[in-house]
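One chain, subunit A, appears in both complexes that follow, with subunit B as partner in the first and subunit C in the second.
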Partner chain A sequence: MDKGSLNKKEPIKKKDLMKIKEAIWQNKRVMDSLKLVGKQVAMTLVAVLIVMIFLAASGFSPDAVLIGLNRAITKDIAGSVRWAAPLMLAGVAVCIPFKAAVFNLGVDGQIYMGAIAASTVMLALPEELGKWGLLAAFLAAMVGGALFALIAAAMKVYFNTDMIVSTLLLNFVAKLFTEYIAADALRDADAAIQMNASKMFPESMWLPRLAYFAPSSANVGIYIAIAITLITAFIFYKTTLGYEIKLVGTNPNFARYGGMNANRVILKTMALSGAVAGLIGVIEVSAVQHRLLAGFNPSFGFDGIVVSLLANNNPFGVIFTSLFFGILKNGGSNMERLTEVPQVITQITMAIIIITVSSNIVVRKIKLRRRMKKDGSGSAV
Partner chain B sequence: MDLDLLFNASVISSAVRIATPLLLAALGCILCEKAGITNLAIEGFMLMGSFISIAYITKSDGSVLIALLAAMLGTMIYSGLFGLVVIKFQANHVVASIAMNLLSVGLTTFLLQAMLGAQGMIRPANIQKIPNMELDFLENIPFIGSVLHNQSFIVPLAIFMAIALHFVIKKTVYGMNVVSLGESEGAARSAGISVKKVQWSVILLSGLFSGLAGAYLSSVILSEFSMNMVQGRGFTAYTAVIFGNTNAILVWLVTLLFGWAEAIGVQLELAGIGVPSSILKMFPYVLAIIVLIISSVNTKRRKERKK
Partner chain C sequence: MAYAIELQNITKRFPGVIANDQVTILVGEGEIHGLIGENGAGKSTIMNILYGLTQADEGIVRIFGKEQFIASPNDAIRLGIGMIHQHFMLMPNQTVLRNIILGSAPRKGPVIDEKKARIQIEKIMEKYCMQVNLDAVVSQISVGEKQKVEIIKALYREVRILILDEPTAVLTPAETDALIETMRKLKEQGCTIVFITHKLKEVLAATDRVTVMRKGVVTGFGETKDMNVRKLSELIVGREVNFDIPFGAYCPGETLLELSGVSTAPRGGRMPVKEINLKVKRGEIVGVAGVEGNGQSDLIEVIAGLIAADRGGITLCEKDISKLSIRQRRLNGLSHIPEDRLKTGTSTVCSISENLLLNKYFLTPFSRHGIFNHRHIKQHSKLLCDKFLVKTPDPSYELKTLSGGNMQKVVFAREFDTEPSLMIAAQPTRGVDIGAIEYIHGKLAELRDSGKGILLISAELDEIMALSDRILVMYEGEIVAEFHRGEADEYEIGAYMLGAKRQVAHSG
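Let's look at the complex of A and B:
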């Protein structure tokens, strides 16, 4: 069909419509992604179903899940938005190195380090700076997260250490360091009740919350998260770095043959991932807690793995899956409030989603392998 | 700082006590690693084991011995889920491990609330502990005395199992099968080894060992269960396996090193030298990271020499 026929606003003939339909059906990429979306949705539903059966088996009413989810998308949608922002950023932080076949399980540690850097900056700068202080805190958080991520990356590049173990161990170091900073170094000595928290940040530096969703703590972070996700998509699909990431992730031998430096890609992706993780830290402390609280992070990093996995490491997908998990997480806490079922069911659901979805990935791989055999080429991964 | 503070009898004794669950979990992990399965799920298995044993004690007459057996059996069955996902559905090992760890935290917290009616932690009052070994004649021997005297019988059992595993891997047909599977799956298959059977066996055994490790942690050392109580010990055990180059005896020594790091943290905190406790608690993890770097440099050099 040429463009002219559309501009003239001629009624689309039935024949043309059939042609378009046929073209869509024949387009492998569209069909593959549609199939993938269908499968991920189906697997998620299977996981939710398993959890409901599990609830019924342990003597709870299984429709508690639906009651919680219902409230999370109607009355309490603000809470879902509040959770979606950090989950979206966590999903992005996981998917950048994942795409290059690098496992970053240390997102949690990078979140802590970002929060520490941001808190230190906000408490050190004079109150009059206002939003400039907040901007400085954002930069500090990104640098903090990136530097912490680079420790693991450098260990991999220079000593060839196992990245999975090193990032996991660094998480514990970061968590304990946050405890030290919050409870010792930046401790609020004047507080009536002593807890593991720093002084409050000056109010002029708080990240604004969304007035529309008041009084919940849903905040501007959701806009930042969407922007970062779109920037990541741009990097993935429109830049040289994105091409390098993709190639190193799918075919490292070819990447080396093409003169790419895999080590440099590891360092770059980890630094980017750490910077995004740092953003979660600064958003959480500056918009939600307004101070550095030792246990502010309910392991967003691991949730990010689920978000990214369900989105098949696609940034556009991350937007949707993080919204879904935001609803799920918020649905969990609503469920606990409305019914007798404890909130921890959310975590079980997430775990089962990982299990069903990661089992699913293999089916695709087998199919790809079959297709590769048919084509007789090895590049179709 | 005088050296006595770092190497006195009580530090070594508690180092051995802390190292034992690490060693037990590491034993299963060694088998998996030899068979080419990256098993980080031992973290979750340990948590499940520690929950099952405390749950059994709370619900029954409180015998720790049967609780240990129940934990081993229960965790073995639970590890079957990991086997199903990894072997049958061929999921990525690391992703499946993360799912299992998440599931274990969620499941134990949920069951703690739903089955035992407790929030966050439980300390069964009816626990009937197995008395520690009183080996007075060993007391005066410097190292062995503090290793074995006044410890649970599981400590020598774990050491014995480490030695036994070393021989099983080196000398038996089963051990050879496991090793050859890890080296090359194709070769193992053409040699007539049933790949799936071996994979299932190592995963179930790792569940068994981790179950015992967790049960030892909860019902022998602490006599309580609290939410997420394993706190990365499974990951530390995995690090020990990597550093020990999957050699059971070496792995035992590495776990002792980690146990020592945690023990002197406690010792220094008690001595009150003014370092905040969160900084002291970092020491085992930092040590594990340093150890990881050293071991990777070593393997890298070895590979380069081979070339």
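Let's look at the complex of A and C:
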């Protein structure tokens, strides 16, 4: 219908020309995104090459990184999946508030609070409840994470506290609180003296591991993570809340002028973010550790920031970047296990890969500038 | 005649459009050259090519007779070309001095030699008779002064060609006069100026020669003294322009909006309103005239609900709305075209569709239980774009792909679509081209004739006089005069605007 009206306004020749251009352009967008994926793969290969040179220069066997990564995508893919699940959730937890221009650096703290809430519930409820107990623990974890996230959000809304500072500092509160709970309040009297851990949860309440991947600790958390990511995409693109988040994130003045309550949107996104972070906590303790262990969280929250940024805060992208990070993390530990490369060097190599891959954007910009200059000298002659 | 700028047969294509099609512009040395055309006619594109912000697909650029390839603004500055953008590119929390020397500061060893810079700048200011306080922080100076800073910044870089991209769009009439005066001074000193605008009066007043563009091609070129308003507007729009607004007879109905004794608290350098009494009736356009910064912003925002009234009552359709939220006021029949469409009226990185949705996204059938009906939204946005003549291939495009006039049409479409009983129209045609002005004025008249009320706030006295059934004049936060259509001419209103005169009693 609209094409008909367009026809009336413009002469036919011009309209056809526009249409052809349109088709080329849209095709170009597809081509561009394919190229981007290709480049990402190429950058990974380059990164591996750099790491090999680095290893050789440091006096180690350069193929150590290949051995580690190869195992992470073949024999030990289970390990990669195990790490991908919490990373995916952490990526989502970061990207929800980020869409509303709110930086949640406190995902780690919210993970701890979720884990504490879940552990308390699982230890308090009778064993016979089985999976119902686990469900209660999941709910408790989400509420725990959300409430903890809301502390920072409320401070922002009522006292205009900088959220980067408040969320970051609250991490320490949560981490130390977890140590207290694990080492004192819920401590297992039979545990080794040097170990700060609660009693084991009743086995009936454990989150199932994936039988296919046994004996790895890869668990159904990966399905939960994918489901949560898809739900987040649904919220972003199909709901009024997603629209509010986008408007508050892009122009808060505009949102307010239209009658939106930006504060309420900040509170909502932080609550959602905290709930997702809480899920990481309950999955880690109920499927992997089976008890509340102080320091169970190797700062998933900060990895989540990189996962989310690399995916350009797009939930679908988070699925892929978190898998990539899972492989990297697992590849690193395999490299450590299978070769004589020490842990510190392994961490450096993984950091090199992350930096190289994320530098993709910067490289593209440099190239563009160089091309412009080249064209300049060419035609000025 | 020697040309400062020769742009020969420039063609520039963007996805879906040809922004410049075989455009030739010749600007003589030491002249003020007007470049006019509607938004989206390709004026900014051709100037961006000249300034190296983008590159032409075809064509030749000659500067002072020599063929050049301008790959970046740095190249342009090296060739002596300076550009002043419509939206200022200044660092708000730095001093004027630092903004001027930014990027080309004189050095004394590793540190900036501010003393030397100050002497140089003062010399420039003396030469061109421009005075700005160099130690003021940019965020605290007025728009007109910011513009001066931009010009001095360009002169400091020793430009010989100055491009002014719609410099008057944000200026008050007095500031505009001062700018034109400055342009003449620059010309006397041998500067070549390209003046982009779509205000015909200014073109006729300030330029020596003029080039007119429409839809990416040059439609007219010649000496300004051979031109007049009618001839120019026909070249710009491509048809005859109707300057008369088609109004019905003035027969006001019951009161829609009433403000009684409304005052706001002073905040951060803004002029508050004091004891405002005003009424807007059905079938009436009430225009608020005044020099900008005399309380108009507070007046608009206190009615729309963006700020709270300190004292006084606001009723809409006999309902007290002074305590209601912004959304509730909107749901009660208020709509609002904001003063600043980029800062408040739109979100440029969101799609056109998303911008059109703002005041109704939570209503059925656009969404149900918080979930969008994207098919309906798409249809509705297409319909609105067609109805309000928004030029875009598809409403899913980002808003920033539109020209200023088309952005304003999007804002207008959104606010018109809810069938408001009262519309606050603040600067509805600011930075908008002739075709869009004609269209928006027509729509406002249509809204009035259908029995709705309009409160029009505009810095353009011409616009107020052309549209308003009643005119209120604001000075220092108060309403100082009221006239019916035809009761006063612009000089009389101007005297009230400047505070030189004041009516004793007014009912509002």
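Operating definition for what follows: the second predicted complex is superposed on the first by the 277 of 381 C-alpha atoms of A that agree within 3 Å, B and C clash if a C-alpha of one lies under 4 Å from a C-alpha of the other, contacts with A are read in each partner's own complex, and residues count from 1 in each chain.
Convention: contacts are C-beta pairs under 8 Å (C-beta built on N, C-alpha and C of every residue); 3 or more make two chains touch, one makes a residue touch a chain.
Quantities reported herein were computed from a predicted structural model and do not represent experimental measurements.
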*Does the superposition put A:159 against subunit B (first), subunit C (second), both, or neither?*
first
*asked:* Of the two partners subunit B and subunit C, which one touches more residues belonging to subunit A?
replied: B
*Check the residue A:208 against both partner chains and state whether it touches subunit B (first), subunit C (second), both, or neither.*
neither
*Mind working out whether A:253 is in touch with subunit B, subunit C, both or neither, as first, second, both or neither?*
second
_By the touch definition at the top of the document, which applies to A:241: first (subunit B), second (subunit C), both, or neither?_
second
*Looking at the overlay, what does A:38 touch: subunit B (first), subunit C (second), both, or neither?*
neither
*Please work out whether A:298 is in contact with subunit B alone, subunit C alone, both, or neither, and reply first, second, both or neither.*
neither
*Using the superposition on chain A described above, determine whether A:173 touches subunit B (first), subunit C (second), both, or neither.*
first
_subunit C partner contacts - residues on subunit A that touch it in the complex_ = 2, 5, 18, 21-22, 25, 28, 238-241, 243, 246-247, 250-251, 253-260, 372-373, 375-376, 379-380
*Which residues of subunit C touch subunit A in the complex?*
13, 15-17, 55, 67-72, 75, 304, 306, 325-330, 336, 338, 343-350, 354, 357-359, 361-362, 367, 370-372, 374, 382, 386, 393
*asked:* List the residues on subunit A that touch subunit B in their complex, please.
replied: 58-60, 103, 105, 155, 159-162, 164-166, 168-173, 176-177, 179-180, 183-184, 302, 305, 309, 342, 344-348, 350-352, 354-355, 358-359, 361-362
*What does subunit B use to touch subunit A in their complex?*
38, 40, 81, 85, 89-92, 94-96, 98-100, 102-103, 105-107, 109-111, 113-115, 231-232, 235-236, 238-239, 242, 276, 278-279, 281-282, 285-286, 288-289, 292-293, 296-297, 299-300
